[in-house]
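These notes are about the structure you will find just below.
In order of appearance the chains are A, B and C, and numbering begins at 1 in each one.
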Amino acid sequence: MSGVRRFPFWSWVWFALGVLYFVLPLYATLDFSLRMERGAIGFKAYQAAFAATSYGGFWPAFSLSLQYAVLTIIASIILVVPTAYWIRLRVPQARRVVEFITLMPFVVPAIILVFGLIRVYSQPFNIPFTSIPLIGSLTNSPWGTGILMVAGYMILGLPYMFRSVDTGMRTVDVRTLTEAAQSLGANWFTIMVRVILPNVRTALLSGALLTFAIVIGEVVLASYLGINSFGPYLFLVGQHRAYEPAALTFLTFLLTWVAMGLIQLITGGQGQAAGAH
Amino acid sequence: MTEITVMGARAKLPAPSWRTWLGVVPFFLFAILFLFLPSGRLLVGSFFDDQGHLSFGNILELVEQPYILNSYWLSIRISAVTALGGGVFGFLLAYAVTIGGLPRSLRTALITFSGVASNFAGVPLAFAFVATLGRTGFITALLKTYFGWNVYDRGFSLYSFAGLALTYMYFQFPLMVLIMAPALDGLKREWREAAENLGASTTQYWLKIALPILLPSILGSMILLFGNAFGAYATAYALTGGTLPIITIQIGAQIRGDVLHNPGLGYAMAMGMVFIMAVSLAGYSWLQGRTERWLR
Amino acid sequence: MRTKKLVFQLFTLSVVAAAVLAACGPAAAPTEAPAAPTEAPAAPTEAPAAPTEAPSAMDQLVAAAKAEGTLTTIALPHDWCNYGGAIEGFKAKYGLEVNELNPDAGSGDEVEAIKANKDNKGPQAPDVIDVGFAFGPSSKAEDLLMPYKVSTWDSIPAEVKDADGYWYGDYYGVMAFMVNTDVQSKVPEDWADLLDPAYKGQVALSGDPRTSNQAIQAVYAAGLANGGTLDDPQPGLDFFAKLQQAGNLVPLISNNGLVAKGETPVRITWDYNGLAGVDSFAGNPKATVVVPKSGRFAGVYVQAISAYAPHPNAAKLWMEYLYSDEGQVEWMKGYCHPIREADMRARGAVPADLAAKLPDVSGALFPSLDQLNAAKTVITGQWDSVVGADVKAAP
């Protein structure tokens, strides 16, 4: 048996089945969204959806969510990658606790999280035993609320980002890489940025994509923190309509897909077997 | 079987100094500040009753009420089924586009699509499946027109456990693909070639080399899929609303509804979910320890 | 080398993203309706140096509200009772901003939002709430509300308001059937008709009876038509059990999209929701709303001001607006029966065309609070066993 790839029959089978499963419901949504005009196929639902001016309209809401997504992804990477690295390399004892923490966002409903955040951070933190405020009430300022949003989104995306990065690091032999880099005289920062990060790029991409999708579609956190992002916008426009929600669903799907394609393009593609040298 | 000590794997690692623990402090601090403190503020309400007096009544109700136990069991079942099913087919998809030999462009398409689909849930997802496989869905109509099969008369219903599981797969498959694709990338081609040089068949290669290497990652992804399904709420509510009372819907009923209920009980149920997650994690950690033994 | 490329690419991405976002969206920072007033704080405009005529209470309220500049609302979907129109009308009339929090919140969420924001004067704290009848007294008991009696207080019927002014009914509707006549031309006239085999797999509620006011009241209403009374909701449960066994009940949570799709051609919902939905269809599909002949059940919602409202004067002004003839008419445009309807009809303040559009709901029964609470306990407690799926059945 040679290593030459014969026609990958089964790969095509799995892929075709996957395509079938994923595309059919989308097609059904698209089909319904085009039928707002009685007896005709047309874009009336799309026009109606765009005409809505709640929260400033489609594009402002979408771009606000985009900004949050980028911020969340960057902050998540900064938090998660060193942590996963450290756990793997130096403190394996902490692994179980960390994994438990990363699975907690699944069982804490977003509505509990948001009300908790508001309760805790609507009061200023005073220096203990005084009434001098160290940090003011976060919810009272736009940037403070923004911090809460980003933190909340990081929490929501934590399971996915951590699992992605951890899997990526398992695949790459971080111990050897680190030892090699150290023997060449690199400090921790250099190791992290120039050795580890590039090697877990595909995993980072997965985590980034997952986080991005979460932030774009998120409703609960945004709507209770009073931020007019895309999720609340979709809700407000489509809640009680018939055709507009389907149109918005399909459109959002396409837009998010394009955005993800751009992310992938800019981060230099994928597929190089990490560490296959 | 003799314990073969692979380099450092079984050796006891030196207890890390306090300075090494500093490395994980940011993470713990973040989790405390933005996860435990806020949710704890509310979840502590599970220890209070309606009138605000300290009581364990809510916790006791968890184990006393059959409907609550049934809900937990239902949630566990649907999470396990979709974690397994999603894991298996997601793995096959990931395999197909990484080392399975499909064109590179298809990989990009699938990865980016998976990113979007991983979060496609709730009312839009339910509607999409209703429009496909509901009574007036176009596949249902197609099957009736071209094959003469009336699937609903034969007992199929989208609004059942099976239908919900099928719908859940829409975000489970992509999640598995996204996590496993980088792991599959790590299967070095040299290993395959070496195995083939030594006369291994494809099956042997997979059973003895590839799957053991991938098993920790597969397990890790599956626990993620399990958690993902366990915490899902909106899709189940939209699709099977009153009839499949998974625990997240019960919690929603107590905390969120239009009807006066007992939020303390809802918080207690959420604590119960935390407990189940912890138990699942313990099981997974044990399995993980066994499979990762010989990997560094 | 690869790292330099990576860093450079990240940098490019950030620059591109920043440029795109700057071009696309006006909001560069996550801002909310500004906490600072948008209107210049003004002394009452009619305060002359030598007061010959004191400014009216209403003018003072308007001025104080304008000084606050914003109103924060919660759980007000635009298509529900034409809240969209009411909000726009309020904004246009007084020049205030309206900061709308989660339009999908349930009554429980609204109450929890008040509790969570007790110490918060930011834009996350709701000023006013619109909740189910039972939530009025319970919120008052938890000290979450601020009393206020609008100037038209006396024309609000006594059974639907709190004597001390903490909460007050705002509108009501009657449980009805919304029917997609393209899919199902046989329109049910009454509850009993729903058991007809013609409706197999076609009837759906608009919520989960454990969670949703609408769904619980639907069960309650069905009971009224099947031998039950306001004190005995059990026949309602039995009716739905029969509906389930006949295979007519679909477990889907129905909404307008599903009605239009034809998947749930018979939706049990408030008459105003159905009528607003039919309007939004604009003939595609053809649909109609039927108020059942027997078993007419009226559901009342109540308004209240949060005790911790950051903008109490704006909140009071909002109430004045809603309970003025103008505000009540806005609700009518959404097919809701405003609470002052009897008074307005008596004075001829209802526009004739609107009056004609409102469905005939004579004979509708209004449950008291005690009856509601008792019914809720029965229905939510027994729904699973009477109607729900057998959870032990194999998948």
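The definition used in the following text is that contacts are C-beta pairs under 8 Å (C-beta built on N, C-alpha and C of every residue); 3 or more make two chains touch, one makes a residue touch a chain.
Just so it is clear, the structure is predicted and the values come from calculations on it, not from any experiment.
Looking at subunit A and subunit B, the chains in contact with each of them are C. Between A-C and B-C, more C-beta contact pairs join the chains of A-C. Between the Cα centres of subunit A and subunit B there is a gap of 16 Å.
Chain centres here are Cα means. That of subunit A falls 32 Å from that of subunit C. Averaged C-alpha coordinates put the centre of subunit B at 35 Å from the centre of subunit C. Residue positions of subunit C touching 2 or more other chains, listed in rising order: 109, 112, 255, 257, 261.
For subunit A, residues that reach two or more other chains under the stated contact definition are 32, 111, 115-116, 119, 245-246. Among the residues of subunit B, those touching two or more other chains are numbered 123, 127, 131, 137, 252, 255-256. Within the complex, the subunit A residues that touch subunit C are 32, 35-39, 54, 56, 59-60, 62-64, 66-68, 70, 111, 115-116, 118-119, 122-123, 137, 139-143, 145-146, 149, 193-194, 197-198, 201, 219-220, 223-229, 232, 235-236, 239-243, 245-246, 263, 266-268.
For subunit B in complex with subunit C, the residues that touch the partner chain are 67, 70-71, 73-74, 77, 81, 123, 126-127, 130-131, 134-137, 152, 159-162, 165, 237-245, 249-250, 252-253, 255-261, 263. The touching residues of subunit A, when paired with subunit B in their complex, are 1-3, 5, 8, 10-12, 14-15, 17-18, 21-22, 24-29, 31-32, 79-80, 82-83, 86-87, 90-96, 98-101, 103-109, 111-113, 115-117, 119-121, 151-152, 154-155, 159-160, 163-164, 166-168, 170-173, 175, 200, 202-203, 205-206, 209-210, 212-214, 216-217, 245-246, 249, 253, 256-257, 260-261, 264, 269-276. For subunit B in complex with subunit A, the touching residues are 13, 15-16, 20-21, 23-24, 26-28, 30-31, 33-35, 37-43, 89, 92-93, 95-98, 100-102, 104, 106-108, 110-120, 123-125, 127-129, 131-132, 137-139, 169-170, 173, 175, 178-183, 185-190, 192-193, 196, 201-202, 216-217, 220-221, 223-224, 227-228, 230-231, 233, 248, 251-252, 255-256, 267, 270, 273-274, 276-278, 281, 285, 295-296.
Of all residues in subunit C, those touching subunit B in their complex are 106-109, 112, 131-132, 134-135, 138, 183, 201, 205, 207-216, 250-253, 255, 257-258, 261-263, 373, 376, 380, 383-384, 387-389, 391-393, 395.
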